[in-house]
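Below you'll find a set of structures to go through.
Consider the two complexes below, in which chain A is the common component and chain B and chain C are the respective partners.
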Partner chain A sequence: MALWELSSLEKYLGLKKPNKYSTQGDKKVPVLQNNNGPPLVGLVTLACHLVKEAKRLELLGDSAENRAVVQQWLEYRVTKLNNCTKDNIKTILKDLNLYLQDKVYLAENQFTLADILLYYGIQPIIVDLAIQEQEQYVNVTRWFDHIQHYPGIRRHLSPVVVLRNRIYSSRHH
Partner chain B sequence: SMALNLTINTSNVPLGALLAAEHVKGSVQLSVEEGKDTRLQVSEYFNDANSISRYLARVAPALGLYGANMMEQTEVDHWLEFSARRLCGQPGLTEALGELDLALSLRTFLVGHALTLADLSVWAALKGHEEWPSQGKSFSHVNRWFSFLSSQVPFTSVGNKYTSKKS
Partner chain C sequence: MKLFVSEGNPHCLKVLAALEVTGVQCDVQYVNHEETVVPFLSRPALPAMFLPSGLYLFSANAICQYLFEVNGQESSELCSQWLEWEATDLQPALLLALHMAVLQGKGSQVSNVLQGPLNYLDQSLSKGNTPYLTGEAVSVADVVLWAALYPVLSDSSLALGERKSVKPWFDRVAAMHSCQSAVQKVLRGKGLQGMKSYMQRQPAPQSSQCRDTQPCNSNPAECEEGERVVSEEEMEAAVLTWSKDLNGGPLATERQHPILPQEGKRNILLTSALPYVNNVPHLGNIIGCVLSADVFSRYGRLRGWNLLFVCGTDEYGTATENKAREEGLTPQQICDKYHAIHSSIYKWFQIDFDFFGRTTTEKQTEIAQNIFWRLHKHEFLVEDTVEQLRCENCQRFLADRFVEGICPHCSYPEARGDQCDKCGRLINAVELREPQCKVCRQTPVIRSSKHLFLDLPKLETQLEQWLDKSTSTGDWTVNAKQITRSWLRDGLKPRCITRDLQWGTPVPHPDFKEKVFYVWFDAPIGYLSITANYTDKWEKWWKNPQQVELYNFMAKDNVPFHSVVFPCSLLGAQDNYTLVNHLVATEYLNYEDTKFSKSRGVGVFGDMAKDTGIPADVWRFYLLYVRPEGQDSAFSWADMALKNNSELLNNLGNFINRAGMFVTKFFEGCVPAMELQQEDKKLLALVGWELQQYIQLMDKVKIRDALKHILNISRHGNQYIQVNEPWKKIKGGDTERQRAGTVTGVSVNIACLLSVMLLPYMPTVSQTIRDQLNAPQSCINTMLQGTGTFVCTLRAGHRIGTVSPLFQKLEVDQIEALKKRFGGQQTTAQSAASAQPAAVPAPAAPAAEVATVNGVDPEKAKQLTQAVAEQGDKVRALKAQKAEKAVITAEVAKLLDLKKQLAVAEGKNPEPAPQKSKKK
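And then the complex of A and B:
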């Protein structure tokens, strides 16, 4: 699953020469052979490497605080989301919904790599939500719809239909 | 194309029109100066803030400030009217904010997936409204949308320059 994400990211970043990745272990952790040193291992390591290669450092956060927030969500993606079971999907959506209540992006007002990788990771969950659940996790849904329309991000992923007017509750509480 | 000239009344700054002007500046020849009355000089002239915004959005269609299609254009018109009638100084702000909050719960921008005149004019109306700062906390979706725009260029510069002048 991680390999298409890395090639989508390469395209978004406008990197001309696509890298060849391999995978290691049962969990198919992505690996990039590096000519100048030891191989680079892991989705987050590789994604950050691509961002630096493309000289798009702002995608890693533009302040010390934002950089820490970006790293936190990248880690969340590979530890929590990648290992999520049917039982804790609801907990993840609930927590994320609360976090996004007052934010447009994960790092508040700045679009970062964390938004891209969390979008790729959570897409299979959002596809399966009923309209009523979309409204239940309204802040996740709004963030998701914004990122899937962000220029150059969605790639081959199918767009999830999101209603932009609420139908289950006319009140917001 | 011909050069446009926008004059703004500094004692009653048309923030929305000024934001529209800042957005189209790179696409059309436009000068902004301060004067007694707000007006956009074309062959005739416009002196209503929403008319000025509409004209500016239409001379720079590539920016998409009037929406991406006819439906979005109608939505933009709705919000221009909403900001002029419901948010500019009239009583009943709380009710209007309730409607705005509901609309923004599933939207990052008011219309479509990018910035339009709707965002500019509603943001400008709230920015200039005396009661908005005290009401902001009760409407979390409006508040998120408002702070997001406030953190972006040119909202930062226009907001700082003209609201500090007013007080």
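And then the complex of A and C:
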């Protein structure tokens, strides 16, 4: 599943000639043959490579701190979000919801590669959420809606309808 | 900038080594494994770094990368590639390896697990032909990988073998002074054992064989991966089992009372938390204890264990006295009334107790007083005076629930004297602000009164020794262990066991004549006295830890009493009592998006479930499907309808019904001859694997997870029928007809297996299936033996009975009506008015009363119109794509729901004509 993400990313970055990827192992880890050296392996590694190729370094974070934050969320994407169980989904949504409470993007105010790959990874989960759950994870939903409308990101993924009004009243006991 | 680390955590080795290697200046703070440092993460994550910008890093690798970058060494592409490999490939294997080596004592198997990643590393190093992973100098990749591998590679007992390139690289990195010093800080010279307490707190890793039970989503790309590869050996084994004979032993369902422990058997004593008698149990109570315990005990009997399941109503205490006052009855009358209600509810839910007793019996007094005197004799009781609230108007001390006031922690105005409903904290009644007597609403005064305390601190060492053993050898749920640990960590204090009440077991000590036992000293003794009322030989269960394994089922709020307080009573009594071996605690079940509340009458209560017209088995199925296992979950009407229609009706019921119908229609009701081909063998192996998973999970009391494997089997079955099209083949030539026969025969046998696996969950449906298939009862105790035995029960020529549909569709309008009827909507209005809690909700409020809350709202109507239009488009698109029926049904349900809301917002009658919506 990682391959379409890479080609979507290529299109977003405006890279002219598409790369040819292969995969290795049961988990279908993407591989890119590299003329200048050994092949590159792994979704995060390849995605970062593409960003550098397109000279869009700001997508990797504009300071040492932000670069670390971006790397951390990229790792989160490939370790936590890939092959997660149903139980983990709720934890992930809950944690992200809390994290995004006071942030526009994963690296605070800067749109980065972490947003793109997390969006690709979380899209199938968000598609399945009931409206009520969308409201429960309102910050994730808001962030998600924002990213899916970011020009050139969504590609073939089906848009998720996000209601702007709350339809479930929030009750307190 | 600040770094948080914990001792014995291998990830902390990475960051401490990186810190030393780079020489970056940074505060380091050592904290507990459980400490929440990163505020937004649910699970404790260490190491963590607090950055000057106010952001947190919670990934060890990102922290290392950051430290190196601050030091001017930005990671190269090759570096990040190694880090990604470490996180995605090496870590899962390492986690499993450490789990085996540190916790399970299976160090010898570690080399199997790590073989793959270590070989990969070795090959890469030898190909690169450089001293370090990314070149001539040490990089962040070397530090991270070295630290990750240190615990396993430095321990010679694991016999990982020396790889020709890994070894020199590892030694080279290890030789750096910085690395040695980091090792000392994290492992303290204790090697693998230094990581024990860290590993105990990690979720158990999934081995590669034990696949996740449910793919996380319906992404088609992932579904392809979900297809399990079946080996030749697996197929052969499955076919061998298939042709075995049925087990001819005595039927598992036949029980001879009284059940007593037997030599040479697995003797299991199973209790579910005693429900308070003063109220009607709600769905959350039912799934939390009795239903979960029932499923497990039914399963245990199928497994051939010698098992006794006891429960009963907990009848003493303030709550009962309160209730009696409210209803103008005596406590005894209240108990009689509600005990009958409880019994009938559990009977309706088909909870198959061996004995359902009560705590207000002579045996209770006898046993409780005996334990008391033993504790007294061994000097585990201490005396103290307590400040207590007394109502001068009512002339009595006000124990816990007789007083209400403002919560001192969260300022909730209706906090009870023992606990706050809102923040959940325990409260000492004298701490309440503006306390009121619940009976007369006067302000009580503080007086002192003499009480007896169980000296928990004196028993603490004994308790900890026992806990270490019990939690490491038994199946305790994670929350049970956590709650127990946090109690112990906070230190135990003497706990009051006497109360100034009348309705309780009298304290036999002459100095405390007027008092009764505090309900939590008394109530768990109910397990013993209820067993004593069941059989005179109760001590064979309760004073026999050598032969008996004790399972306690409960919701998480009951954990401390079962893991700390009650065991202390029993340990202190020193009479060889059977203590809990397996403590199974659920989280909470919520109702829609709010809490069930007995005191506020929110949610569906046990006695109303049967008025819904939905069969008890469907209730059981759904409650078990959303069993709060591992985390809170919620009961939702819409979801219940969806699960009923998609899982029960379209998946399970559809498969079983089709299999039976083919036999009836195509083969005159006789199971046809079966010639197994490769595809059939593969299916047998797949089904066998699911059965094996089911048994593994059930053995560990993972009731909800196990249910998914039942549904997986019928999914495999449906697909098998779909691909083979027996309804077409039956019209073809001899070979084709033969094929139709095999497919039908295999399917109907899978249906028979499903009936057995379903038995713990849906006993009636399970029996109905066997009746329809005319299956011998002996299949019941054959299929669940060992690791699972899927035999061909219905051989060629077997005549089946009359097949009919097992489940009914739950229509949207029916569910909507139920949703309204059982509240949710009117709770705001009601809770404001409920100074006197209406604990037994009136039998279903008329729907008309409820609908008035939602008013007309033109703005909302406009937005909803838009939403309806969008949802309509979506449904049409799905239909055009010929999407799965269940998916379309779900989307249509959403659409109807939106339309209904729109109608409400527009002020129209919200009930749509169901016919119309169907035609659309």
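Here is the rule we go by: the second predicted complex is superposed on the first by the 169 of 173 C-alpha atoms of A that agree within 3 Å, B and C clash if a C-alpha of one lies under 4 Å from a C-alpha of the other, contacts with A are read in each partner's own complex, and residues count from 1 in each chain.
The working rule: contacts are C-beta pairs under 8 Å (C-beta built on N, C-alpha and C of every residue); 3 or more make two chains touch, one makes a residue touch a chain.
No experiment lies behind these values; they were computed from the predicted model shown.
Undergrad: Does chain B (first) or chain C (second) touch A:22, or do both, or does neither?
TA: The answer is neither, since A:22 touches no partner chain.
Undergrad: Go through the superposed model and pick first if A:138 touches only chain B, second if only chain C, both, or neither.
TA: So A:138 only meets chain B here.
Undergrad: Could you tell me if A:149 is touching chain B, chain C, both of them or neither one (first, second, both, neither)?
TA: first
Undergrad: Examine A:163 and indicate which partner it touches, taking first as chain B and second as chain C; both and neither are also allowed.
TA: A:163 contacts both chain B and chain C.
Undergrad: Tell me which partner touches more residues of chain A in the superposed arrangement, chain B or chain C.
TA: Residues of chain A touched, chain B against chain C: more for C.
Undergrad: Looking at the overlay, what does A:83 touch: chain B (first), chain C (second), both, or neither?
TA: Only chain C; A:83 stays clear of chain B.
Undergrad: Contact-wise, after the overlay, does A:99 reach chain B, chain C, both or neither (first, second, both, neither)?
TA: second
Undergrad: Who does A:44 touch here: chain B (first), chain C (second), both, or neither?
TA: In the superposed model, A:44 contacts chain C only, not chain B.
Undergrad: Is A:65 touching anything from chain B or chain C once the two structures are fitted on A? First, second, both or neither.
TA: second
Undergrad: Need the overlap of the two footprints on chain A, from chain B and from chain C, as residue ranges.
TA: Touching chain B in the first complex and chain C in the second, residues 101, 163-165, 170-171 of chain A appear in both lists.
Undergrad: Give the list of chain C residues in touch with chain A in this complex.
TA: Those in contact with chain A are residues 39-43, 51-53, 55, 57-59, 61-63, 65-66, 69-70, 77-78, 80-81, 83-85, 87-88, 91, 127-128, 212-214, 216-219, 221-222, 225, 421-422, 593-595, 597, 600, 630-631, 636, 638, 827-828, 831, 860, 863-864, 867, 870-871, 874, 894, 901.
Undergrad: If you look only at chain A, which of its residues touch chain C in the complex?
TA: Per the touch definition, chain A meets chain C at residues 1, 27-29, 38, 40-45, 48-49, 52, 64-69, 71-72, 75-76, 78-79, 82-91, 94-95, 98-99, 101, 108, 124-125, 127-128, 130-132, 136, 161, 163-165, 167-168, 170-171, 173.
Undergrad: Sort out for me which residues of chain A touch chain B in the complex.
TA: 101-104, 109, 138, 141-143, 145-146, 149, 162-166, 170-172
Undergrad: Please give the residue numbers of chain B that touch chain A in the complex, ascending.
TA: These residues of chain B touch chain A: 101-103, 105-108, 113, 140-141, 143-145, 147-148, 151-152.
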